[in-house]
Amino acid sequence: MYIHNCWYVICWARDVAEAPVSREILEQQVVVFRTESGLLAAVEDRCPHRHLKLSMGQVVGETIQCGYHGMQINAQGRCVHVPSQKAIPPRARIRSYPVAERYGWVWIWTGDVELADPAQIPDFHQLTDPSLAAVGSTNFVKAGFRLLNDNLLDLSHVGFVHTSTIGNREFGANAKIFAEKIDGGVRVSRWVIDCPPPPTYEKTGHLPAGRNIDRWSVIRYTAPSFVVIHTGGAETGTGAPEGRLDHGINLWVMNAMTPANEKTTHYFWATARNFRIDDAEIDALIFNQVSEAFEEDKRVLEAQQIAIDRHGDDWSNALQADVGSVEGRRCLERMMDSEMNGETGQATIRKSAHN
Amino acid sequence: MYIHNCWYVICWARDVAEAPVSREILEQQVVVFRTESGLLAAVEDRCPHRHLKLSMGQVVGETIQCGYHGMQINAQGRCVHVPSQKAIPPRARIRSYPVAERYGWVWIWTGDVELADPAQIPDFHQLTDPSLAAVGSTNFVKAGFRLLNDNLLDLSHVGFVHTSTIGNREFGANAKIFAEKIDGGVRVSRWVIDCPPPPTYEKTGHLPAGRNIDRWSVIRYTAPSFVVIHTGGAETGTGAPEGRLDHGINLWVMNAMTPANEKTTHYFWATARNFRIDDAEIDALIFNQVSEAFEEDKRVLEAQQIAIDRHGDDWSNALQADVGSVEGRRCLERMMDSEMNGETGQATIRKSAHN
Amino acid sequence: MYIHNCWYVICWARDVAEAPVSREILEQQVVVFRTESGLLAAVEDRCPHRHLKLSMGQVVGETIQCGYHGMQINAQGRCVHVPSQKAIPPRARIRSYPVAERYGWVWIWTGDVELADPAQIPDFHQLTDPSLAAVGSTNFVKAGFRLLNDNLLDLSHVGFVHTSTIGNREFGANAKIFAEKIDGGVRVSRWVIDCPPPPTYEKTGHLPAGRNIDRWSVIRYTAPSFVVIHTGGAETGTGAPEGRLDHGINLWVMNAMTPANEKTTHYFWATARNFRIDDAEIDALIFNQVSEAFEEDKRVLEAQQIAIDRHGDDWSNALQADVGSVEGRRCLERMMDSEMNGETGQATIRKSAHN
């Protein structure tokens, strides 16, 4: 069960610079390529002749050429050239998908083509905001996208899973949590007051040494699977809880989870910061720390998927800290119901409000 | 189909010294841990909150703490602490198992808790007898426990599978075999008179060089899957067949096979000897030779399991040497029938008689 | 669905020189061995006692001895010796198969034994013709044999898959193709006139440098899965299209595809040449180039099998260049119908005509 009338990230724009990219999304095999004139295209990753993955071929002009017998398919999924004959088989056609490039990501639409409006791409402007510096990558996680949503909506795990990087024990135990509904999603605010900074924050050298901080995470989830977390910390007593967030560490963690299928997910992530934005060392530090943290998550999520395959996705012991995850699941279910009932374009498609 | 009202070995006591141990037994996922006060505990390896394996967490006080959101579970399988809230979810409970430590092994009971009497743990006293020296380990074998039973009950294979270690061709061909029923099992005595010693025996330097030996193996099997083999050899003509076993080589090979599931088995083994018991070189020699022999068995057993998956476990060409294996299978079937008929505590549970 | 009344290659004669060979063919597990007196034998790869693969044992005299308990099975599949007892279990018998050695290959017959006439082994005389030099090997390909047939019958792929070895772009695009039915198969003639030689041809040094060639491939397919390709090239204008093939490069590519099962194939191949036949450097060059080309095919074929598992083996966009593949499939279907209707020995079994 997936939401189809929705833009999903399929790859980074940089991924498709040199060669076609093959991805399973929503159980469909898709190849993304950039034609010689620079247009992006996404079509079924299967030659209509003898079914080889087109991604094993190469871009030729405005087409992708099959690597087996050379049939050429254009961005609309139509065969336009056969090397060994002049006639084009009239049924040699495969599915093509609307695509758009925004925020450095390539977005794809798997639903009703009539509804594919790029204005509805969720807001991830921090990825390319010139006043910020963003680093990020892609993880392939053998766990369903719902489990990734849950993970990001209950950050109490940071105090257990990520104690070597972005978390510590105080973070998991002493939080104040507020959840509020937003259009098509939920916003969870999480504050930990007067706690030690986590290892990653200390390594930036951007906080006064040896002092406690007030730490916040404002998690904005929109269904089906987009999460922007504005997180950071500032020295305790300097006004962060009262709204003074213009000092200390400010990070925006950008997360777009695209289902490959029910049990595996392409996880696109980036972290943007507003300090020392031209500093390559800080780029590397943040990239490495967050990569490591997400490897920690991956280990947990994949084990959780195996457990859930065996036991079922049972929520009978939900905790107060699950408030965001539970509301997120509700939003997703409503969106699915809405799409199944044909109410697309209203309830299911929206531009996310700015955080 | 498994016997449940029975103690099984789940791990060596030494395995659980540093960290929790995760094991599948009888198709159940179990974590064994030792609390800070030194108590052994075994519970379902699944957090009641979001189902992560508890073995991915750590021991905290008298509990095991989940590595995802920090829920703490005690030895009875009850949640006793949630880091992010004060209230304990009333249904946050998982199964716990009776455990006991004996002979250096941790034993677990998967059946009716009322019947779990540690006095019924089978006798493997040679593992910790101070007059003997025992070395051993655990193999994970991708074959059902019945095939491991068969292997140990028909030692004619030693003359074909183990010619580089504990066997030679004479051992497979010229044996005299006697089988007799014992309480809940079978005892098979196997003698080879006036044969060359196998490579392992020669390497001990504990036999007169260049002389033939009389070699014995007394295999005591009790259902479902315990085997103690008293084996050895003494110079031909020095009275071994008449009962003088106080010289030459005396070994006790201890075997406890715990089903992970129908097709995989945790195989706990050790070899005890009564000579040069403080000699670390002989420890290493025996350990390495028997390890190598059991790797040879593993290769055969896993191939046999694959063949049986395809062909069925057909006994239509049973040989005279299979007498022990066939009687062992009968004991197991009787024990299963008895347990299914609710006659537990009588036929199915017993303390093994000393060999 | 397989043709059974047919000789298949099971291994090279050289493969069975030192030890038994285990192969799955037509979903049957078979062991091939050569007895001490030099006879070839093929029997079910399973001991009738406890079902271990006999190929894990060894040849003893005129038998293969099981590596578990030593039962010995002769070339007729009968147990003839049990080490641990005198009596032979009367039902200890497994299937044996007719075998024959020809052209350096071991052939096996899986069908009706009465019909197994070695005179019907297909003609691959080029493998052992003293006027030619042949090099070859075996690939295990995770794709069904039909896809391998298709691959060899539509060489337009050579211009896309093999541009680093035996193909170039001109080869895929400018061919003239003629297909004609032959007894039990199809012959496809493929000519490319006045084109550059491919990399492999240039590396032989056997063509005038910098000159275009006329290139031919005469593909002779006989069902179920035998292909001999006479291919080569000679300087343009020197009469090749008119029949003068006695100069330039002449190669015979020999292909025998034996189904392991519906989705995997043992692919036996060799390339024979009529020039510099005693030159070990040319042996190595041809072997390495063709090996590399067949690795390129393997990559494509295995991806195609995965695609077809998902999509079905749909031919709705067949091209003119598929004429040979399509006719080959028809021959195979006719042969299957014929065998299913009991018309074996007539339609389904024949000696291939010489090319």
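Per-chain residue numbering starts at 1, and chain names A, B and C are given in the order in which the chains are listed.
Here is the rule we use: contacts are C-beta pairs under 8 Å (C-beta built on N, C-alpha and C of every residue); 3 or more make two chains touch, one makes a residue touch a chain.
Protein identities per chain, from UniProt: A, B, C = Aromatic ring-hydroxylating dioxygenase subunit alpha.
As the structure is a prediction and not an experimental result, all values here were calculated from the model.
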item: Interface sides of subunit A and subunit C: same vs different residues, half threshold; value: different
item: Rotation, 0 to 180 degrees and nearest 5, that superposes subunit B on copy subunit C via CA atoms; value: 120
item: Centre-of-Cα separation between subunit C and subunit A, whole angstrom; value: 49
item: Two or more partner chains touched - positions in subunit C; value: none
item: Touch list for subunit B against partner subunit C, complex; value: 150, 154, 156-157, 159-161, 172-173, 175, 299-300, 303-304, 307-308, 310-311, 313-314, 316-321
item: Residues of subunit A that touch subunit C when the two form their complex; value: 29, 46, 48-53, 56-57, 65-70, 79, 82-85, 87, 89, 91-92
